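Two complexes are shown next, each including chain A; its partner changes from chain B in the first to chain C in the second.
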Partner chain A sequence: MASATFRIWRGNKNGGEFKDYATEVAPGMVVLDAVHEIQATQAHDLAVRWNCKAGKCGSCSAEINGMPKLMCMTRLSTLPLNQPIKVEPMRSFPLIRDLATDVSWNYSVKTQIKPFRPRKPDTPDGTWRMAQADVDRVQEFRKCIECFLCQDVCHVLRNHHLHSQFIGPRFFVYAGALEMHPLDDENRLRELRDSQGIGYCNITKCCTKVCPEGIHITDNAIIPLKER
Partner chain B sequence: MAEYQTHQHDVLVIGAGGAGLRAAVEASALGAKVGVVTKSLLGKAHTVMAEGGIAAALANVDSRDNWQVHFADTMRGGQYLNHPRMAQLHAQEAPARVRELEAWGALFDRTKDGQILQRNFGGHKYPRLAHVGDRTGLEMIRTLQDYGVHRGIDVQMECTILTLLKDGGRIAGAFGYDRERGHFRLFRAGSVVLATGGIGRAYKITSNSWEYTGDGHSLAYHAGATLMDMEFVQFHPTGMVWPPSVRGILVTEGVRGEGGVLKNKDGRRFMFDDIPPLYKDQTADNPEEGWRYTQGDKNARRPPELLTRDHVARCIVREIREGRGSPHGGVFLDIAWIKEKLPDAAGRIKKKLPSMYHQFKQLADIDITQEAMEIGPTVHYVMGGVRVDPETQMSDVPGLFAAGECAAGLHGANRLGGNSLSDLLVFGKRAGEHAAIFAKQNGATSVSEEQVEAAARRALEPFGRSSEEGPYQVQRDLQQTMQDLVGIVRREPELNQALGAIEKLRNRAQAISVEGNREYNPGWHTACDLYNLLTVSEAITRAALERKESRGAHFRDDYPAKDEKFAKVNLLIRKGAGGEMKLEQAPVPAMPPELAKIIEEMK
Partner chain C sequence: MHEVDVQVTKFKFGQTSRIDLWWAQPLTVLLVLSAFVAYATWAAFQGVHYRFGPYLSPLYSPELWGNPLTAWIGGKPGWYPSWLVFSPAFFILPFPGGFRVTCYYYRGAYYKSFWADPPSCTVGEPRKTYWGERKLPLILQNIHRYFLYIALFFIADLAYDAWNGFWFNGHFGMGVGSIVLLVDVVLLGGYTFGCHSLRHRVGGVLDRLSGSPVRKKAHDCVSCLNARHMTWAWCSLCWVAFTDFYVRACSMGLIRDWRIF
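This part shows the complex of A and B:
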């Protein structure tokens, strides 16, 4: 069985360093498997967040060889194993420890967005009628697993730290999903412009590139919201 | 003296999956001050993994459906060990719970006339599962999460409960720690709702996440509540088997609902070879009829691939054991074959099963629109849990409620697919409602320092030890033990062997040491989890030993038939006065004549 080296960030808010761990590699393995193996055998206290291990919960976000990715969906066969694989936490959020970051800012941002407000029911029994085509249009946005990789990569947050004026790609997708919800009759456009900073996005499409769900964040969510 | 931060709530909900969030929303709507404690971040709970849909007799696709049929299907699937009143309430209230979700923003796939679309699923007579593609769980949890955050619910993320606290006989709160800093937290509450999910991490091959360590089961048991039906662990028939690192990850039953078929290495559809008498009249006897059923032909009967999960899983095990399995020790699940029947089959598969397509493409290099998947059984769900009152969801401990997977009663010996998401909504709501009422009616509680000190001491002990062994090896050995000795096919000598092994593992767990400090330390967390995992493992094993028959998800190789004697009993587990695990047989709840009549008519 082949072996590979993982160069993993160890540390907390006071500082840290990369440490190298060598581990065996088996067919089909993903980065999260290697991290777990290292945790179980060499570094019991290695902090890492994960849940479903199937790309559905968006917990195990990290930067692998500099690219924001889900550890559970990154196969070792896609990485150059002849050199150390660098695994570090998302750099746009405060570090808790090792690979776990404090993403609570995202949760508070969400509460600032006006909630879903449905139109009056279509029928006397209190239900609605919708066409599949209208449901399909918004499903792309509702696939979002809140991994926050798009927030991690966005230069407005990562380099310019405009967290207080800019809600980030995830929440443009979220606002877009509500705006395009077939039943919703709320209007969120003024806040998007005035206090949520959609104007700061200059369409570099970095968020779209890293989205593990393949959501066309820039083209389908941000640009249409800018143009409204 | 342990240091801790104190929180005060009327209702404390432990767990933030579908049941926990639904309970919190309801309790909050009744004016209670609600706290939710979750081991993970909000929105990451295991509910996101649910793929197939929510079972509710909306009758949008087949007007013959109604709550009575859903009730009868649920009881039949559970081999009549279910609590009939719970099955009745569930079938009656599920449609309203689904519609309510839509009013809160959930978007389901639609019928041609714009209503909520419903799909076929194993054991359900009519198309009954409201769904959105194959990511229904995500839609449900996101809807509840987003609705809940605007309701003033106090959510403590990444916080783990170590023990429940009591005031005399009554529940008084809970004690735990936050993962980020490792600080202790005391939650005082008028009532507590357990919504902690299942126990899959007691096994090696499971579709469950790290969180599924039986916390609610164990917390309730140690607080004096009764566990029931613990022998019934559901092996989902279709988990991924290759490559090794993805072994156990779920492949939705929706694949079979959309026309997917099971084949052995000889290409034979082996499910036609063994159709149980209870389902003979409802099952297609040829592939053509089965296909028509999946395509909505109301006169066709369902294909045998859509028999109940316990039966399908055992048939798969039989094929593998008898040498007719696939190269990596599973069997084949083929949806690609529908291209023989449909013009744009690949497009349809990608539309109906997008996350399955994605999952196989990315993790196994398999294009499911072109080739068959290799699948095998994986531990998926526990039917057993905390015994609760069907109306209120209160356990035997006053003020302690349980809902969702950690509660018992609705599913009996085997759960039907789709009945879990509806369970979360129906009984999450009821638990939240009655927990709020209980807290209001019964007023304040007090907590003794000794209880808190004992829990804190136990949690910190592993830091002080200098043992060679850490928590992970003990956890792995326990998972291997349960997989090998208390798995899908059980025998008395192996079950006895498992009890001995669990005892030894408990001794090892009490001697492990944890390295590092208290800040976000997964090793420490795993050490704390072991206490719960060992408790539920022992409960499953003892119950499996006691039930000397085969029924539903419980299969005894040494007692392969059903036994009338056991048809009328549930197995109860309680903690004895000396700390020992006590097991007793209790008669199943009486079936009211009007419900018996429904079952008779639907036979």
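This part shows the complex of A and C:
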């Protein structure tokens, strides 16, 4: 069986360092499998958040060789195993310990966005009619699993730390899903421009590049909102 | 908005954990864009050899002022400063240039390549301050939606030029240059009709597209082109430079324009 070295960040908000762990790897393994193997055999106190192991819960977000990825969806066969695989926590959020970060800022941001407000019912029985063609566009946005990889990679948050003025790509997708919804009657454009910082986005498309659900965040959510 | 105590790493310029060739793409963009700007500027300052037979260089089209025999309006205008070099291209290039400079795709590309903001995804930046596109001068990038209308006029004009490129002394024919001009307008059309602002204008602004079938069809078509906007952008940019080079080289006698029929 082949062996690979994983260079994993160990530490908390007061500091830390990378530590190397060599472990055996087998075909079909993903990074999360290797991290679990290391946790079980070499570093029992290694903090790592995970849940579904199927790329749908968005829990195991981390940075693998410098790129934000889901550990459970990153196959070892896609990585150069002849050199140490660097695994570190998301850098845009406060570190709790090792690979676990505090992403609660995102939940508070979500409360700032005006909720869904449907227009008056279309029929006397209090129901609405909408065409599939009209919801196709926003259904793409509903694929978001809230892994916050897009928030992590966005340089406005990552490098400039404008968390108090910029809601980040995830919430432009969320706002876009509401704003473009055929039944929604609310207007969120003023907040998006004035307090939620859509003008900070300079369209680097890094968010689109790292989205594990393949959502075209920049082209289908952010730019249409900028155009509105 | 909610404050967050983000005790994150302060990344130095170029600092990253990435091990791939992250610098290759921004460097390529820097070199190709710089080469195009240098060539287009040089070609614009020439003021001659922009027409050969029925072919007109896209850098000089439409020829508003220029050769009195072929220009739309006439020769060099009287109000033109005598101390300034005259070239018909000077009246043209600011408009397609403005459309490209403010294009959503190019913005993201040249912010990385020319301004390192960021150099690439998850790579440290050289500056600590950041305004984004919220303030002057970059808030002016929003003028893109108005440049779009001028760009659409240019597509019509270049299509007319491409049609003219098939007429030799009143007879329909085809030379290599005819194909070069035709490809040029097709690529520019693919780029312009895939514009994000056009996508918004034709249908993206509506929440209920199903009620407007024509606009829905238009939105679907623009979206289809928009999905390859980057490809269209680079192909059309390079082909514009090549088309000018082809017409110029024919006009200067450096190459022969082969007639197919």
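Everything below uses one rule, namely that the second predicted complex is superposed on the first by the 228 of 228 C-alpha atoms of A that agree within 3 Å, B and C clash if a C-alpha of one lies under 4 Å from a C-alpha of the other, contacts with A are read in each partner's own complex, and residues count from 1 in each chain.
We take it that a residue touches a chain if its C-beta (ideal position, glycine included) is under 8 Å from a C-beta of that chain, and two chains touch if they have at least 3 such contacts.
Note that the structure is a prediction, hence the values are computed from the model and not measured.
Undergrad: State whether chain B and chain C clash or fit side by side on chain A once the two structures are superposed.
TA: By the criteria stated at the top, chain C and chain B fit after superposition, with no clash.
Undergrad: Given the superposition on chain A, what is the angle at the CA centre of chain A with arms to the CA centres of chain B and chain C, as a multiple of 10 degrees?
TA: Reported to the nearest 10, the angle reads 140 degrees.
Undergrad: Applying the document's definition of touch, where does A:Ser195 land relative to chain B and chain C: first, second, both, or neither?
TA: second
Undergrad: Applying the touch criterion given at the start, work out whether A:Lys205 contacts chain B, chain C, both or neither, answering first, second, both or neither.
TA: second
Undergrad: Give one of first, second, both or neither to describe whether A:Arg228 is in contact with chain B, with chain C, with both, or with none.
TA: Second partner only.
Undergrad: A:Gly126 in the overlay: touching chain B, chain C, both, or neither? Say first, second, both or neither.
TA: First partner only.
Undergrad: For A:His44, decide between first (touching chain B), second (touching chain C), both and neither.
TA: Touch partner of A:His44: chain B, not chain C.
Undergrad: Which holds for A:Lys110: it touches chain B only (first), chain C only (second), both, or neither?
TA: In the superposition, A:Lys110 contacts chain B only.
Undergrad: Answer with first, second, both or neither: which of chain B and chain C does A:Ile96 touch in the superposed model?
TA: first
Undergrad: Once both complexes sit on top of each other, what is the least C-alpha distance from chain B to chain C, rounded to whole angstrom?
TA: Nearest C-alpha pair, chain B versus chain C: 11 Å apart.
Undergrad: Same chain A residues contacting chain B and chain C, which ones?
TA: Common to the two interfaces on chain A: residues 130-131, 181-182, 184.
Undergrad: Under the definition above, what is the set of chain A residues touching chain C in their complex?
TA: 13, 63, 65-68, 80, 83, 86, 88, 91-95, 105, 108-109, 112, 130-131, 133-134, 153, 155-156, 158-165, 167, 179-182, 184, 195-197, 199-206, 209-210, 218-219, 223-224, 226-228
Undergrad: Quick check: in the complex, which residue numbers of chain B touch chain A?
TA: Going by the criterion above, the answer is residues 40-46, 48-49, 99, 102-105, 107-110, 113-115, 117, 132-133, 135, 138-139, 142, 146-147, 149-150, 157, 180, 209-211, 242-246, 249-250, 355, 358-359, 362-364, 470-473, 476, 514-517, 519-524.
Undergrad: Can you list the chain C residues touching chain A in their complex?
TA: Listed in rising order, the residues are 1-9, 11, 16-20, 104-105, 107-108, 111-112, 117-118, 121-122, 124-125, 128, 130-134, 138-139, 142, 145, 196-197, 199-200, 204-205, 207-210, 216, 226-227, 229.
Undergrad: Where on chain A is chain B touching in the complex?
TA: Its residues touching chain B are 12, 26-30, 33, 39-41, 44-59, 73, 75, 96-98, 100, 102-104, 107, 110-111, 115-116, 118, 121, 126-132, 135, 138-139, 142-143, 145-146, 178, 181-184.
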